[in-house]
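Below you'll find the structures, each written out as structure tokens.
Next come two complexes built around chain A: one with chain B, the other with chain C.
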Partner chain A sequence: MTGLFVTQKDLQKNIKFNEKKIWWKNFKHSIRELIKCRTAFIGTIIVLSFILVAVIAPVIAPHDPLKASIIKRFIPPFWIEGGSTTYFFGTDEIGRDIFSRIIYGARVSLLVGLITVSISGVLGTVLGSIAGYYGGRFDAILSRIADLLLSFPDLIFAIFLMAITGPGFFNLILILCFKSWVNFFRLSRGEMISEKTKEYIEAAQALGESDVQIIFKEILPNIIHSLLVLATLRVGYFIILEASLSFLGLGIQPPTPAWGSMINSGRAFMLTSWWISTMPGIALLVLVLSINLLGEGLRDILDPRLKLE
Partner chain B sequence: MKSTKILERILIAIPTMLIIAILIFVLMRIMPGDPVDKMMGKGGNINIEEVQALEREFHLDLPISAQLKIFLSGIFHGDLGMSFQERRPVWELIAERIPPTLELALCALLFSLIISIPIGIISAVKQNSLIDRLGMAFAFLGISTPAFWLGIVLIIIFSVKLSIFPVYGRIAYVYKPIHITGMYVLDSILSGNWPALKDSIMHLVLPSVSLGAALAAVTTRILRSSMLEVLRADYVTLARTKGLSEYMVITKHALRNALIPTVTVVGLQVGMLLGGNMIIETIFGWPGLGRLVVTSIFNRDFPVVQGAVMFYALIYVAANLIVDIIYTYLNPKISL
Partner chain C sequence: MLKICNLCTNFFTYRGIVKAVDGLSLEMKEGEVLGLVGESGCGKSITLLSLLGLVPYPGKITGGEVWFEEENLLKKPTKEMRHFRGNKISMIFQDPMTTLNPVFRVGEQIRESLNVHNYKKISKNAEKEKVLKLIKDVGLPSPEQIYQQYPHQLSGGMQQRILIAIALSCNPKIILADEPTTALDVTVQAQILDLLRKINNDFGTAIIMVTHDLGVVAEFCQKVAVMYAGKIIETGSVEQIIFNPKHPYTQGLLKSIPRIGDKKTKIQSIPGDVPDLAALPSGCAFYPRCNKSMPDCQEGEILLKVMEKGRQVRCLLYS
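Entry: the complex of A and B
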């Protein structure tokens, strides 16, 4: 900076610096709000601990999740007569430790949920932003496809495609993404349409920013919060969907421990050994519940318009 | 809603359904697994002439484009084709499975409304009271519980441990009522067969609860939040200052408007109740449409899958349309 003149570069630098500061301030504010909102905080803690457990599963699992043993079949959980703390939640129909299998199963659930949401979120947001910003034929065609995809029940759609591709981890993710980008598409498209008529867009256009810059640098930061909330809630949804598919034998294949297939395998023994189905279900419930708590907490903080009082 | 508008919506739905039909048709045929293999079973000793005869019978020897032509011309004549597995018309198979699915879906809907409407209203009127907090906690639990696991836990508790409800099926064989609508509850009432009525209701309780729990949770939350919003509106204050009783204010003025968002959610979820319940049907041995679709996909029974998926799309379109019609009834200001 020389003398009285402020160059455009300086101005931009200054704006950038301020933007960063504001962003950081917002971020700190959100974290503080999250801690203040007790339920959301609990949700966050539980979700984080599930992630930790999944990452360090080999360290904390007391037994090999795949090791079967004929003599150790149907051992009940430790609080029931005949059970012991060696097998915390008991053993299943071929003598594997349920607790260890639940720990390893968290890996599958979280991986499927997170990867699916990342892929479909990015895809849906990019397509939705472009469709919403430009409108026209591109928008019309994509919206039509979105309507078409939405007219199938999720589960039947997934079962149908799984039957075509065959089961497996990557097929599963591919198929879940195939339909789920639509939700992100619709949300970002709608937000984009309402956002693009605002004044700051006109200002950006006057400054000579390109369309790509306007979409991704101007508008997207303003709508990202609602997308983030949707993404969080969708993680829980996908975890349930994956479990449902594994339950039907179409998702993750045995012997890889997945909660859905564990619940299914216990179904044949629910008259005598109820814990085989019940325990992985509780893990599933707690994880999804915490994700939902986190998601709704985030929504209350980031997107108060949608707040459910 | 004007009848021309309704007609227009139906006309728009037709090309959508056609695209769906063609898509499913093509996808089914690129699926690995040969339907004739599935028809013959795995008994070995397969006669090549028999295989060819079967292929000819179901037009599987023709190229895909020719098969598609036969399929489409069939649709326009109201013919969905023959099931490969059962050798019966597809529409007959689907028609057989609709009453059980519909019965279950209606009961689940009924259960969810009985639970959600009172709790939703009370929670909003007495905001932050104990009932409100408990109701919301349960609603939250409801949306996070996987339906299939809930079903299994309910069976373990109420059928296995307490032996109150039966584990499996729609009705004990001895009670089976005469066929009128195919919905056993209705049939047994119509024919005055009270033991059958009792038995079929007992069979319905657990699946309806497992299926309806999530819907009940969603409805409670939506109803509560829209009630809260409406109760703060000016016209409700006006109604109060006019000296109307609180009961009148809530039922006549607030509820009607609070129901609008609720109807949307419930309406769209009914489509899901009909379409997404194959897991519940599997767990409870319920011979409904969802199970038919799943087994047909595994058996590569192309015509049945095509027919059923088109039926689902039809339900979805119909549910949307009905939601819109109820909308205009609840709020005449909205015109479509």
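Entry: the complex of A and C
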């Protein structure tokens, strides 16, 4: 670049090189930021390993999670007398391996959490963005619906709807989404209202951009960080909600292994074989806790206002 | 090229109808530089936004015509209007710090403005070259580096240059500049004015410059229109307005500028405030503050009176 004559080719090469370098630099910077925030880093590692375990469940599960055996009932975990490492966390009341069932149960939990958040997140964000940008009657009607839905407690509302529609995986997701778009709606609507008065929106209008372009290309990238944090925290919340419904027998139906129904099935044997309920409970605790840690960390990283200290 | 006839923009507020722009007429030829001068709140910026059809709620254009290249812009549906915004008529805003989208690189934002009006698709590389050329055109060093930077990494003057690059990107016929130098310090102001003048010379782009700085007007514009309470009260060439102001308001404005080297004369201010646009007095809106007021000033509509060549004044003193 120091030569007197710079050809267009040189220029292009240089740009491409820069672009790559800057992208890599930014990526490295984000990773470093994540590692610096220790809680977020721990959360990320645990959540990622849970996801990995759920994806490759058939490979790592030592036993068939559905295979029952009358002889091998109530085997305790390996560190208690009578237990063996063949059945890592012991077996349940009909002789199924709890460790394998927890691994398969992670699939259900994560799937429900992620699918629900994606559907309700996209729905709520789109509706909230449009309502916030245009205001008027559309906004008023949707906001009242949102207020109405928010006034019901989540679990009771879900129980009510599950009782009407009947249990099942898709019904469960449908019902969780039915109410949960409201949180995304309210957040994106509020952010949109505060963002749309800024001057760069006026400039975009003067440039001839259409409303759709302004909402999704100009404003959304500016508010995506808070939506991302909300989405992360919501995943944990939905996993708990799913477990609660499964515990009550309204969510995932046996024999499909789900943590909620596993906790429920061990309830009767709590005094003699405590591990049947406790092991899936601990798995639930660890997963949701690390999701929350990840969410909190993301908020610290993404929100520059909190960084000032 | 651009002809505004009797433009009226009203704001329908709870306190009543505010006539922000009231019967404004202007004419511009290709390559002309027009200064629109007036106090805060006299309707300068709303005039510009009206041209683009972007009057904010609760405002509405209630009458008049805007002729641009034989087409009436006010009659256009929104979709067609978008072809004009940023393409044939583009705008530069007052505060460059807030006008750029903070989450996108500068280069992408310039490219975006090309994309919006891209009728004939050009390749990504060609686009990038064009953006780099634009950055160079507005006098910024090392375009490749600036292309990659975020708005907050640039100074105010650089940001304003980027905004000018965005405004230039589609080779507009007119640039509407809404106080482009107000948020900048004086040395940068001069640079930006030089840049705009260069653009005017090189590309033949007409510029409407809204400002309340008569120094900028004297230096930069060819024609001046002085606005007061939504109306044009005096128009003419720069020399006519600066050296021989006719309307008492223009005279007052010019007297309120400090002059270097002049130690004796006190700076005079115009007494009173800008009138409430929702409750304008009948007759001349400047009447309550005018030092040459006559009883007749309060009665009836006062019309723009043609004085000499290209000179108009709205005052009873000259009728």
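Following the convention adopted for this analysis, the second predicted complex is superposed on the first by the 274 of 309 C-alpha atoms of A that agree within 3 Å, B and C clash if a C-alpha of one lies under 4 Å from a C-alpha of the other, contacts with A are read in each partner's own complex, and residues count from 1 in each chain.
Just so it is clear, a residue touches a chain if its C-beta (ideal position, glycine included) is under 8 Å from a C-beta of that chain, and two chains touch if they have at least 3 such contacts.
All figures in this text were calculated on a predicted structure; none of them were measured in a lab.
Residue contacts after overlaying the shared chain place A:142 against neither chain B nor chain C.
By the touch criterion defined above, A:117 reaches neither chain B nor chain C.
When both complexes are overlaid on chain A, the residue A:34 reaches neither chain B nor chain C. After overlaying the two complexes on the shared chain, residue contacts for A:159 are found with chain B alone; chain C is out of touch. Residue contacts after overlaying the shared chain place A:205 against chain C, while chain B stays out of touching range.
By the touch criterion defined above, A:175 lies against neither chain B nor chain C after alignment on the C-alpha atoms of chain A.
When both complexes are overlaid on chain A, the residue A:248 reaches chain B alone and has no touch with chain C. Considering which of chain B and chain C touches more of chain A, the answer is B. Overlap of the chain B and chain C contact sets on chain A: empty, with no shared residue.
Per the touch definition, chain A reaches chain B in the complex via residues 147-148, 150-156, 159-161, 163-164, 166, 236, 240, 243-244, 247-248, 263, 266-267, 270-271, 274, 277-278, 281, 284-285, 288-289, 292-293, 308-309.
Within the complex formed with chain A, the residues of chain C that make contact are 52, 54, 82-87, 90-91, 93, 95, 98-104, 112-113, 116-117, 125, 128-129, 132, 144-145, 147-148, 163, 166.
Against chain C, in their complex, chain A makes its touches with residues 8, 11-12, 14-15, 18-19, 22, 198-200, 202-210, 213, 217-218, 221-222. If you check the complex, the residues on chain B that touch chain A are 16, 19-20, 24, 27, 30-32, 127, 140-141, 143-146, 148-149, 152-153, 155-156, 160, 221, 224-225, 228-229, 271-272, 275-276, 278-279, 282-283, 290, 293-294, 297-298, 305, 309, 312-313, 316-317.
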